[in-house]
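Please go over the structures that come below.
After this come two complexes, each holding subunit A, first together with subunit B and then together with subunit C.
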Partner chain A sequence: MAQNTTAQHSTAQGAAAPSPAEPSPATAGAEPVLTVRDLQVSYQTDDGPVPAVTGVSLDLAAGETYAIVGESGSGKSTVALALLALAPIVGGEVRLAGRDLAGLSRHELRRLRGREIAMIFQEPMTSLNPVLTLGYQLIETIRLHQPLDRAAARGRAIEMLEKVGISDPARRLAQYPHELSGGMRQRVMIAMALSCNPRVLVADEPTTALDVTVQAQILSLLDDLRAEFGTGVVLITHDIGVVAETADRIGVMYAGQLIEEAPTADLFASPMHPYTRGLLASVPRVDLPPAGGPLAALHGTPPKPGKAPPGCPFRPRCGEAMDVCSTMPPLTRQGLRSVRCWLHDR
Partner chain B sequence: MTAENASPLLQVEGLSQRFAVERDVFGRPSQWLEAVDRVSLDLRRGETLGIVGESGCGKSTLARSILRLTPPSAGRVVFDGVDLATADAATLRRMRARMQIVMQDPFSALNPRRTVGASIGDGLSGPGRRARVRELLEKVGLSPEDARRFPNEFSGGQRQRICIARALGPGPDLLIADEAVSALDVSVQAQILNLLAGLRQDFGLSFLFISHNLSVVRAFCDRIAVMYLGRIVETGPTEAIFNDPVHPYTRALISAVPIPVPGRHRAARAQLLPGDVPSPLNPPSGCRFRTRCPHADAGCAATAPALDPVAAERHVACLRLPVLPRGPVWQAPDTKEAASC
Partner chain C sequence: MLKFVLRRLLQLIPVLFILSVLVFSLVHLVPGSPIDVLMGDIRDPVVEAALIARYGLDQPLPVQYWRWLTNLLQGDFGTSIYSREPILHMILARFPNTLLLAFASAVVALVISLPAGIIAALYQNRLPDFGAMGIALAGISIPNFWFGILLVLLFSQYLGWLPSMGYVSPAEDFGAAMRHLILPAITLGTAMSANLTRLIRAEMIEQLSQDYVRTARAKGLGERMIVGVHVLKNAMIPTVTIIGIQFGGLLEGAVLTEVIFAWPGIGRLAVDAVYERDYALIQGVVLVAAIVYVLINLLVDISYRYLDPRVKLG
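Up next, the complex of A and B:
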């Protein structure tokens, strides 16, 4: 891959010009299950509208894991919510299996969520109803979306709990969320999310609240289920290690924008955006002895939503900022990669 | 361990901390939670000791017991030669000024109605107080003018700097960092770690660095103690442990951390631990790790292993030492990557 960059570079110049909103192709030939074009999300606050996401475009192929990484306030969780039309979308479009979410009624959206696209959250305790048994919640979810009678739905619930590695699933159905550990609850959430075999699973920091040994179990489980069901997974995380291990492609977000997108190996081998480079360099390595001297750290802090400076939002923290950076750089595509930085605009 | 040059700054001997979780009709405790069970450790002057483990292993309780924020149920804490349990109130106050703590959440650790300068000034007294506050703010990379501002005007990383400035106020010898960088973004986390490393050098601080983040611990600590369900299962110099973890839990913990290099992690997957940490209300008999341990046998249920020496400065609590796999949990880095180029 590394030897090809110069060749790709020259062909990329022509390709970059026509539509900067077009993201890189997910995988050659495969029809994406989810396409996002120039997504704009803005929250109404007492101080007026605050733009949380400005112009994000991406494609997700079936069976692919696309990771969105970024720090707090970068807009990554807002993108996740927007994929289910749960955030106030003010521009652009989200298409799921060819259907534009904006054109759907509330009733149609409700039918879509769960069946076509499902979501799991960081905190599995607050996502489950504490006063209902797991069985009630699982069976209700299944019957809401599938024409199954109670007994068949119960069978399906047991089957799903088995799939996510919960022992003695029939007995678990009678238990309440508080009787389970955090890892077990997240398994139940995954079982619930996948019970209707959705095309897309949105996982927002699914392992952040879990211990590292349990995190390893859950990541491994998600990967197995993705392979088995062919579900496309959008993984939202701030953990660079988790991304390296699970993602096929990565989009890096900063201040509401996708500033770089690349296949996982390429991004780690040669990050292009100065922010991506700084981010990767500031992660301490658990598998290597410390290099000695201070850690490579980005200076400053990310801007608050809506408070980004004009032009490139990373400019105040960037060691390579130029005069031109006071205007917004375009998204430049180079082969399977794209980057929003004047350093790479040719 | 005690035979080395100077006496350790902090000695913890057989420290236990238990809490009554249920009481009978007479108000007598009927069920106990043993959060920390007979923990012993030494912290040398100028040393950074990392306490690692997963949630519920007792690492934060240990910190609180050492500071006597919750007086320990049993055992001794000796700080600079003074036994804190038997010290009189005046001595304890003096000692406490020399041991400070920085907590995880910089949002709840500062009073939102007080200026930053007032919060930092709490630990100070005398005429030079205001100048000292300004000096402390500069030490942690903020501006002296920030003393007049309120916590809500600062980001998470800046607030953690304020908490560090406040902790440095009384001129401590020991800083306990309880997940002090865990709530911060990666890029900010590196800044704060660099700040702490600089302060460690400038002030000759000793650190008790409590963290669940093993990458951060490897970058920052001289020695490590690994805790599981209230007990220390392994201690040793940081690099020795990362290059050759001995206790099965240590091996599993280290190999579970995702590595920020695509493709590098998979080999370690074989060590994936089954199940969850058992409830500390009802811990397994004998070795507390035996229910998840791939090497456990019948003997592990009967006897609780003691922390025995296995090499220079290294101690492991395991009855199955002869059968344990040894060596690094990952293949040596870059050999494959270098070969493919």
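Up next, the complex of A and C:
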């Protein structure tokens, strides 16, 4: 896939000045549709605020696929929700097409959601309302954001269902979610998300609940639609193998932080952070000769949100931990890549 | 659909048979007999024996039961020992009154519990929630009849706004009928709303945490639409069951409320029948109430088909 689109962005318009606050070389030049700077998200619990995301920055260009990879609890789904201002943002900023979400009223945010930025979820079984027809749910979304009458919105719904490869779309409008398979439901979710032609689509583990063959279909569908509409896609997954083919760039999250970011090919070729190396080593590869011996596994478990040790949160599980790791490593940029690790702080 | 209804109606037959045996046995287990009541202060063994023979009470119970059952199957519920009216007549004359009261009570219950339950759920563990739940708890704890008496004291005795008891047919004088309906309907409706409020609150809270709510928010839907359409339609599915069961209960006659407000419904008919040991009448009332109850449940099941598309009847 288009691993080098990002490189094209930077070479084609490399003369443009990078923004002063943490410029991302990957999209420098092309005005990013989505900019996240030092995002902080905390959930209120009975035991006080628990930080779920502590300082995430990223840029997304139009038509680009940015994958966020991490274990469960790493904060990746929270980042996804925060992009739509659906998680409690306590610091930093999310800018969508130049507009800071923090400065928008609730009404303005609602107009943004679904139209400028849309989201699909992991569970297509439960993400659709079980007692409303697919037609109702699709047409509701379309009419919410576009000045169409019922008939025109219905036409648009049928058109979108066709686009996502659903046969006999007119008949489907009268059906309920339980009458469709999981893959079909996810296609409906995608049709709904893209029905208002948003600039950004956030896909939170869109294939995790699906069969492997269906996974591939959905991923390639997403990729086709991204290319057709020029939508920027933020793809959230715990499975680094899933994104190898579709993502332009990958950001690896650990304990609420982005610890490494790189173009996909670079990340797979030479992971820099010990955690990323561990992740990649734990994925079985058919393109490499078998190493002989069991697949490598990361020892231990990630810290619970808010329970990370001081310094680098990966330190307790890291085979290369040093004394300096008890203080937080800075995010270091190296060309198109960045990494948060003392090993690379040069 | 038709097949479903037919099968459910067929299932009614064994239920009613067992019920008829139970009712018959229970009635005859109650000490005292209608003859005692009929005889009053007269002490004449000859008259007594004649009466007993006349009503067939000298026959063995299985024989009495068989006679009652065979008549019943021909649509003959028997006649009341006292009023000499056909029992089916008496029941059918009272039933619309009970239906009216039940319906009005259900409306009162819904008008209270629907907004209260929704608001409590939306403001979970905050002041409006505590308020609604406190009132609901009081509603469950306060005896129905006592609350009815308090209402009479306030609105009839002190304020003089509403009649304290009695019934006027809506066909005769609609305004007066409504005025007579208000207090008993509020008494029953508030009792019903206490449970319903708690149920609706719990269902709403459960549904508000579902994934489809997140989807609705992510597509930019306003909270009013999310709550009013997406969540409410899901939350109503279990709620309708409870409403149906409670409504069925009301149709069997709210005994205490009907007695307090002198409301000529099924409940009072049943109480009077028990006092007078009017065997055939008691049996008839209980049987009709059971049939109505089962039919209401059938209606609830059918309504599922419309509320929840996942339910297939058959």
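Basically, the second predicted complex is superposed on the first by the 318 of 346 C-alpha atoms of A that agree within 3 Å, B and C clash if a C-alpha of one lies under 4 Å from a C-alpha of the other, contacts with A are read in each partner's own complex, and residues count from 1 in each chain.
By our rule, a contact is a pair of C-beta atoms (placed from the backbone, for glycine too) under 8 Å apart; a residue touches a chain by one contact, two chains touch by 3 or more.
Values in this document were obtained by computation on a predicted structure and should not be read as measured data.
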> Is this a clash or a fit when subunit B and subunit C both end up on subunit A?
Replying inline: fit
>> Between subunit B and subunit C, which one contacts more residues of subunit A in the superposed model?
In response: B
> Between the C-alpha centres of subunit B and subunit C, what angle is opened at the C-alpha centre of subunit A, expressed to the nearest 10°?
Replying inline: 70
>> Applying the document's definition of touch, where does A:Ala265 land relative to subunit B and subunit C: first, second, both, or neither?
In response: first
>> Contacts for A:Ala297 in the overlay, against subunit B (first) and subunit C (second): which applies, first, second, both or neither?
In response: first
>> Which partner chains sit in contact with A:Glu123 here, subunit B, subunit C, both or neither? Use first/second/both/neither.
In response: second
>> Under the stated touch criterion, which partner chain does A:Thr45 make contact with: subunit B (first), subunit C (second), both, or neither?
In response: neither
>> In the overlaid three-chain picture, which partner chain does A:Glu71 touch, first (subunit B) or second (subunit C), both, or neither?
In response: first
> With the two structures laid over each other on chain A, which partner does A:Val131 touch: subunit B (first), subunit C (second), both, or neither?
Replying inline: second
>> Let me test your reading of the model: by the given contact rule, A:Glu140 touches which partner, first (subunit B), second (subunit C), both or neither?
In response: second
>> Let me test your reading of the model: by the given contact rule, A:Met192 touches which partner, first (subunit B), second (subunit C), both or neither?
In response: second
>> Just checking: does A:Arg115 make contact with subunit B only, subunit C only, both, or neither of them? Give me first, second, both or neither.
In response: second
>> On the combined arrangement from the superposition, state the nearest Cα-Cα distance between subunit B and subunit C in Å.
In response: 8
>> So subunit A touches subunit B in one structure and subunit C in the other; where do those two contact lists coincide?
In response: none
>> For a test of understanding, state which residues of subunit C touch subunit A in their complex under the given definition.
In response: 210-212, 214-222, 225, 229-230, 233-234, 237, 307-310
> What does subunit A use to touch subunit B in their complex?
Replying inline: 71-72, 181-184, 211-217, 219-220, 238-245, 264-265, 268, 278-280, 282-290, 294-299, 301-302
> Across the complex, what residues on subunit B touch subunit A?
Replying inline: 54-55, 155-158, 185-191, 193-194, 197-198, 212, 214-216, 218-219, 239, 242, 252-254, 256-266, 269, 272-273, 276-277, 330, 333
> Within the complex, which stretch of subunit A touches subunit C?
Replying inline: 84, 86, 110-115, 118-119, 121, 123, 126-133, 140-141, 144-145, 176, 178, 189, 192-193
